[in-house]
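Two complexes are shown next, each including subunit A; its partner changes from subunit B in the first to subunit C in the second.
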Partner chain A sequence: MLLARESVFRSSYFSEFFLFMVLFLMIILFCSFGSVDLFSFYLFFEGRLVPTLFLILGWGYQPERLQAGIYLILYTLFASLPLLVGVIGVYNSSGLLCFFFLSDPCLSRVFFYFCMVFAFLVRIPLFLVHLWLPKAHVEAPISGSMILAGVLLKLGGYGLIRVMVFLVNFSFNLNFFWISISLLGGFLVRLVCLRQTDLKSLVAYSSVAHIGIVVCGIMTVNYWGFCGSYVLMIAHGLCSSGLFCLVNIVYERTGSRSLLVNRGLMCLIPRMSIWWFLLRSCNMAAPPSLNLLGEVVLFRSLVSWSWLTILMLGGLSFFGAAYTLYIYSYSQHGSFYSGIYSCSIFYVREFLLVFLHWFPLNLLILFRDVVSFWL
Partner chain B sequence: MADKQLDVKPAEKRAVEAYSKRRVALREEYIKQITNPHRHGTGEGGILFDSGIQRFMSMRATEYDHFKATPKTSLYGLGFVVIPIIAYGYMLKSSRDAQEHKYRTGQVAYKDRRFKFV
Partner chain C sequence: MAGVVRMVQGSVFRRSITLSYGKNVRIISTSKKNRETVSVAEPTDKSETTESTIVSKKNWVSYGYDFKRQEDDTNAMHSTFFFSITLCIVFGGFVFTYYPDVLLRDWAQREAYLELRRREAQGLPPIDRNLIDPQKIVLPSDEELADTDIII
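And now, the complex of A and B:
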């Protein structure tokens, strides 16, 4: 994140405060992923909103960042208040909040199931409640986009995996609804990606599309579903963050995120095309990427849950590849925009940044059993 | 020779000449701007401002501000989003319940299950 936003330090635009926000957010995320009881997880789950909002409002580019910040806060807080009610309900039912001892179903009402699950579904985000994500990603600075795509969305998935353990008795009867929304939503969002002309907005919508399959995997309550979701969350975090870095590299040169302007980049910055190709191929789960492992495991989990999921999964894969190839081809091939002024080719800092995203993405698949079967 | 075209009406000819004159002027202005050595020399990058592209990008960015809920748009939302989700969810639930009923009532032996492992 610090490598990506070097311009803050170069221009001394409240660089110390920026560094503080990034480190504060990192510490909160460490605490949230490392917390062993439900209440502390809830505390840090909410706490990460403040530095994220500061990053978007303080270092974003356009006036629309105000609306994006409001969407982010209102969507997440509105969904998280029922989560607090659910946490209190869990404590009343079982007398404890520690994850290790909450293995048996302890909640007796469907109301608590929706309370616990909804906050994470908005966070992850599920289709229909995903509107905050493209706004927040587009208006956030590159550091904000990287941390949002790379880690913050995964908090929702992590939370779902944690709570699904003691919501099993409702999950078996009610999860079909979330699977239906995610599969159809993923399909529709991939169609939306095909008509995007803003690069950052496109990567944001592709995040929603990928996370839809993650939600489906968790909702099947299969071991393979959990493992596949875990792998795909890691893979998506690296891939999406890397794509945002690439978009920012181009944006720093042309000053525009529009696909109409950022085209034919292979003629201008050929050494960046290889990274576009590698990260885009990982995005569409081409071998040998970690996305492939996650998607294969998730497809198997979903098809074992119900054969009807094949209908949507085929459409998801096809249109996922379609928009990825369309974007790669449009941005890299063909003639470049005639109105571009001279700019630098590539910095080593940017090369390192993208390499550090790609390296685990294509190498971790060689350690498949270590990566995927942690749970 | 070119100004003695006999199959072109005078009004058409005037229009083509006016268009060509404007196009040449715009082209010269574009070449003058894009070859500005001071702008290239700083290496700051950026693009030459194009009002058409800016209008298009602003239009795409503010699409929702001009959205109006009408019966037609509501039907689009219902037909492409809500009804398919409900229908697909119903199909998933029915197929899943039928499959589970067969497994739990012993109509399918454990060894004959398509997916045995979780």
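And now, the complex of A and C:
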């Protein structure tokens, strides 16, 4: 993130405060993923909103970032308050909040289930409550986008996995609702991706589609579902973050995120084309990427849950490949925009940044047993 | 093949050899810039080094870390590459590969395969039907189950 945001330091735009915000966010995320207690997890889960908001409002590019910040805060806070109620409910019934000892809290109310799950579904995000994500991603600075896509979404998935353990009784009866919304929503969002002209918005919508499959995997409450969602969360974090880097690299040169301006890039920066290709192929789960491993495991889990999911999964995969190839071809091939005056070469810093995103993505599939069966 | 034939025919070949041997050959050219550095017969070491250092400062291409000071730029490049690639990828990969078996997962898989081979050799099924003593299993009675769906 610090590598990506070199322009902040170049223009000395409150660079020390920016650094502080990024570090503060990193510490909060580290604490949230390392917390053993449900309440401390909730605390850091909410706490990471503040530096994220500062990053978007302080270093975003356009005036629309105000609305994006409001969407982000209101969506997430509205859904998180019931989570606090649920946490207190768990404490009242079980007397403890440590993750390792939590079991069925004997609260036989569906309201409790929705309280616990809804916050993570908004965070992850589920299809119908995903509106904050394209706005926040587009308006956020590159570091904000990278950390949003790479880590913050995964907090929702991590929380869901933690919480599903003791919501199993409700899950068997009610999870079909979230699975069907996710699958149908993922399909629709992939169709929306085909229509996008803003590159960042496109990557944001493709995030929603990927995460939809992750949510389905967690909601099936299979071991394979959990493993596949875990793998796909890691893979998606690397892939989306890398794609945001690439979009930002192009944005820094052309000043526009529009696909109509950023085309024929192979003529201008051929060294970057290979990274576009590698990361795009990982995005559509082409072998040998970690996305492929995650999707294969998740497909297996979903199809074992119900064979009807094959219909949606087939559509999802097809349109995923369709928009990915279309975007790669449109942005790289063909003639470039005649309005571009000059374009600087691909710096070593950017090369390293994108390489570090791609390297674990294509390497970790060789360590399948370690990566997927960590749970 | 065609290239070999042309080389054997000779005139181009001879010309290229004479050019490479003859350092005193003067090539007629209207542009003056290149000739000052190239056509000097015996350049001294000092002038070469001063010319090359001047040339590198004029045409410095940044690594992307700092566009004003070359030293800071180079230091930043070296440090980022060291920490990310040397430490995280190379050393981290080494530690990850040779780390002892956490939670005995690999050991358990090896033992399982050995056990399966042993049982297969003896003609036994992979897992015993009564692995858990049936007398220890307590099932709910039919009145307790009532209308609950049993999913196997």
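Here is the rule we go by: the second predicted complex is superposed on the first by the 371 of 375 C-alpha atoms of A that agree within 3 Å, B and C clash if a C-alpha of one lies under 4 Å from a C-alpha of the other, contacts with A are read in each partner's own complex, and residues count from 1 in each chain.
We take it that a residue touches a chain if its C-beta (ideal position, glycine included) is under 8 Å from a C-beta of that chain, and two chains touch if they have at least 3 such contacts.
Just so it is clear, the structure is predicted and the values come from calculations on it, not from any experiment.
Q: Is A:E252 in contact with subunit B, with subunit C, with both, or with neither (first, second, both, neither)?
A: first
Q: Given the touch rule stated above, what does A:S80 touch, subunit B (first), subunit C (second), both, or neither?
A: Neither: A:S80 stays clear of subunit B and subunit C.
Q: Looking at the overlay, does A:S145 come into contact with subunit B only (first), subunit C only (second), both, or neither?
A: So A:S145 meets neither subunit B nor subunit C here.
Q: Quick check for you: in the superposed arrangement, does A:V348 touch first (subunit B), second (subunit C), both or neither?
A: second
Q: In the superposed arrangement, which partner chain does A:W305 touch: subunit B (first), subunit C (second), both, or neither?
A: In the superposition, A:W305 contacts subunit B only.
Q: Please work out whether A:Q332 is in contact with subunit B alone, subunit C alone, both, or neither, and reply first, second, both or neither.
A: neither
Q: More residues of subunit A in touch with subunit C or with subunit B?
A: Answer, by number of touched residues of subunit A: B.
Q: Of the two partner chains, subunit B (first) and subunit C (second), which one does A:L356 touch, if any: first, second, both, or neither?
A: second
Q: Quick check on the superposed pair: does A:W224 touch subunit B, subunit C, both, or neither? Answer first, second, both or neither.
A: In the superposition, A:W224 contacts subunit B only.
Q: Would you mind writing out the residues of subunit A in touch with subunit C in their complex?
A: These residues of subunit A touch subunit C: 3, 6, 10, 345, 347-350, 352, 356, 359, 369, 373.
Q: Within their complex, state which residues of subunit A touch subunit B.
A: 64, 128, 176-177, 179-181, 183-185, 188, 197-198, 222-224, 252-256, 258, 260-261, 303-309, 312, 337-344
Q: Which residues of subunit B touch subunit A in the complex?
A: Interface residues on subunit B, with respect to subunit A: 30, 34, 39-41, 43-48, 50, 53, 56-57, 60-61, 80-81, 84-86, 88-89, 91-93, 95-96, 99, 114-115, 117-118.
Q: Would you mind writing out the residues of subunit C in touch with subunit A in their complex?
A: Listed in rising order, the residues of subunit C that touch subunit A are 61-65, 67, 77, 80-81, 84-85, 89, 105.
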